[in-house]
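First subunit A sits with subunit B, and in the next complex the same chain sits with subunit C.
This part shows the complex of A and B:
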């Protein structure tokens, strides 16, 4: 065993990763899955809800206001409240992430669908599409990139919330950060938790950004145009 | 004979606005009907009731005795073509998929859809390669051509068009009007067309329905409406200049056209030049073996080309404006002026070249009529318009 106190922070950090690589990796995976589960759950509920309120204008105010209110509650407070019901552990964090992800997903679905040029949906209906066909042949394809933007925003926020989730025993990279704060001279350990968290957030953002651009009909066409010219 | 019968069709919108009030119309198969009227007169509402995009409040619509209001609205819409004013192509679909949208909904096989798209795009003079493009890559006029094709793709007999050319520039509009009239006659479609351009209505329609505040004021052929407007509103709507134009002495192109000099497409350039010199003309019309008009050759097509190109087929101009035999002289004069043409060939129903109207021989006619018989001066001026005349003689 080397004398930790003799090493620089960077060396300590590398040493920690070397010694605990597997543990860090597992926490990384846990962290990622908790965030993803929460966001997917929110997408599962939020996208249909967004579609619904885009059809029934009156509902939209109520739903979006509600989602806005949830967003204003501090994450830790929301988690504490949910903990009273759901107890300690992963489930509570996933549910917290779910609540936080609802707003961007509902809102973007709503905006994506309501900003589609009305002449396009009118033409679809005029050609003899049923309501369902208008939805999946016209509205969803045309708003997909905006919906993905919502998911992207939700996921980045979710990764941050999951880090806090370690306080109620959900594991994840936050766990490593807490260990670091408890250890004397734990900067390197904090870094071993914080850097992968940041990395995860940035990578998710970039990857979903690429998917989003791929799915944007307008941008996709511009690419084709420049390819044909 | 198929027939669309509209009886007492009425639409009252929520809030009590009576947009269409007891509309009665009989439309024959193969007719071109234009709805015209001021803004808010209920044209769009009337049109959209026919494919149930707007549900009628009361009244009956029957197609060969079949009650359209009892049909499933989705099935009905798939059987009626619809061209909307804002074009409304699907931005995320290729031109091919846009054209075959209704066949797609009707679950045609892929081969049949592809074949349809290929066949149709030829109809509007666009290259096959456009089938793989997206709408944003096309100009407004090209997009509206696709919009028209979309309404034809599933062999719909009846096509509804709501100001389809409203947003286009005059020349493009003119071209598309010719195109749609040609398609309508060739494919024997029944077209119901909304417009607020009287010239467009007169040019295209077999019968014009004039609407005002939800009511049908007059429904008759353009000639009859111009000759006997039902009331002052119609008179004002038509405009006094058109009423004068409609006075007697309407000549057709057939009366003034001369024999064109033409050459068949497989001939060599040397032969073409010899023919031009011999006949002392600067334009040769290019035809195929059956005398069908293919394009033209003029002095410009020769410059620089002679060394590398040997035959007519290699260097003739394919884009040629023409009029159909039987069309009114004033239409061809207007077209010659609008496009600044030297002359305009006349073709028959089979697209065979039958004559030529030149600026020079129009001036001759005008001269003859004005100075040949003083009394007819007014009617001649009316016939082609004094503005047109000045332009014609100076240009």
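This part shows the complex of A and C:
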């Protein structure tokens, strides 16, 4: 076999990907799923909570302050605390991601709903809609793009946090990065872990950005108008 | 609108199915293999994983990158893991068991096996077949020039030689530098404490004559270094073994059988080569382990 130490970093990187491609792909998938699960769980709890606090203004301060406090804890510390309760492995990382995703999702839901023009909801009520109907047919569709923005922010942050999760044995691309830091000459290995992580964050940002623009009621309407003209 | 709903449905469904492969196997007492950050430990962790998955219906998960052997021990006691990729007799003797070091390899192994069974209900298997301890090593040329085979052979020429050793070994009590000078009764002309990863290159390039390194490091094989025998048994034995919780082994005897297939199968030389593949040739430990097992047909011999 060739002497790897004589190759340039780029060559080493390409060689690494070629030799371990399948492994990198599996870690990529694991990494992505951990992030997605944390964010989805947070959306399941966060969106209803955001709707709730937009209806009961008094609650909003308490809930948003709490979520803010969670956000100030360093990721590694929160993970270490959760580890004491939940043990090592993926579950702990998913729960950590969940906590970090709460704030952007709750806040965006809250903002999305409270900034809807009052005349629109009043029109709904005037047409005889119930409160639930107003929520489902008027408020949620109008605030959907803002809510998606929250999920988008949460997911990008989550991908970064999952990389740290390798320290408590959760796997993912962070595993590859840590191994690179331990190897004698690991620049290529670090790149092989870091570049896909960055790629994943950028791609999810772009894709959710597209979805967000599609759901934006103002732009949708403009499109419809320009189509008819 | 309907297409959109369908799309959302498909995405959610695929996530749920994907999730089963990620976390679903946790429910029915999955096997979790704890591994520290070293390449060696990671290779062995994946070997155990693939062996168990090859011979049993169980799924195994590797918990990687734990900081030290103490963390692994704690994880096993807390039931976060039920298998350790590799445990060394010397480390566990003074670490987890808090006992006095035992110089004889067989005695040490027998002791840790007995104590782990009675104190923790865990099984310390017989050795993989290699040990990872400190050893003095020289280049082939130096060995031939001075006719060196054992550490004692160094005594007459040590005054002319310069040595490089691990920084932490320099100041260690017991089996450290001071103890070494007392036990063997000689000293090198100069001794440089340095980072352990650098000693192999230093001796290979001729900057130093003799260095203290780890016996399973891949560079020993690639630089063709001669490991000097520790004839006075100064360094405590660090035989490497698989390790598992008895609860798991009793519930799944096939897991035990699968793990035992690796006992005695990996020599120090083999481990050097495997470490070399991962450290020097950039092949992931998981891939190294899989290739090695495929090459040996998962040690399926002896089935009949």
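Assorted remarks:
Just so it is clear, the second predicted complex is superposed on the first by the 224 of 229 C-alpha atoms of A that agree within 3 Å, B and C clash if a C-alpha of one lies under 4 Å from a C-alpha of the other, contacts with A are read in each partner's own complex, and residues count from 1 in each chain.
Basically, a residue touches a chain if its C-beta (ideal position, glycine included) is under 8 Å from a C-beta of that chain, and two chains touch if they have at least 3 such contacts.
Computed from a predicted structure; not experimentally measured.
Superposition note: with subunit A as the common reference, subunit B and subunit C can be accommodated side by side. With both complexes superposed, C is the one of subunit B and subunit C in contact with more subunit A residues. In the superposition on chain A, contact of A:8 is made with neither subunit B nor subunit C. Once the two complexes are overlaid on the shared chain, A:124 sits against subunit B while remaining clear of subunit C.
Touch criterion met: A:133 reaches subunit B, while subunit C stays clear of it.
Contact with neither subunit B nor subunit C is seen for A:72 once the two complexes are overlaid on the shared chain. Of the two partner chains, subunit C is the only one that A:175 touches; subunit B does not reach it. For the three-chain arrangement built by superposition, the Cα-centre angle with subunit A at its corner and subunit B and subunit C at its ends equals 170°, in steps of 10.
Least inter-chain distance for subunit B and subunit C in the combined superposition, rounded to the nearest angstrom, is 13, based on C-alpha atoms.
Residue overlap on subunit A between the subunit B contacts of one complex and the subunit C contacts of the other is empty.
Residues 117, 119-120, 122-130, 133, 137-138, 141-142, 217-218, 221-222, 224-225, 228 of subunit A are the ones touching subunit B in the complex.
Listed in rising order, the residues of subunit C touching subunit A in the complex are 15, 18-19, 22-23, 26, 32, 34, 37-39, 42, 61-66, 75, 78-81, 197, 279-287. Of all the residues in subunit B, the ones that touch subunit A in their complex are 51, 53, 74-79, 82, 84-92, 101-102, 105, 133-134, 136-137, 150. Residues of subunit A touching subunit C in their complex: 1, 3-5, 12, 15-16, 19-20, 23, 29-30, 33-34, 36-37, 40, 87-91, 94, 166-167, 169, 171, 175-176, 178-179, 182-184, 188-189.
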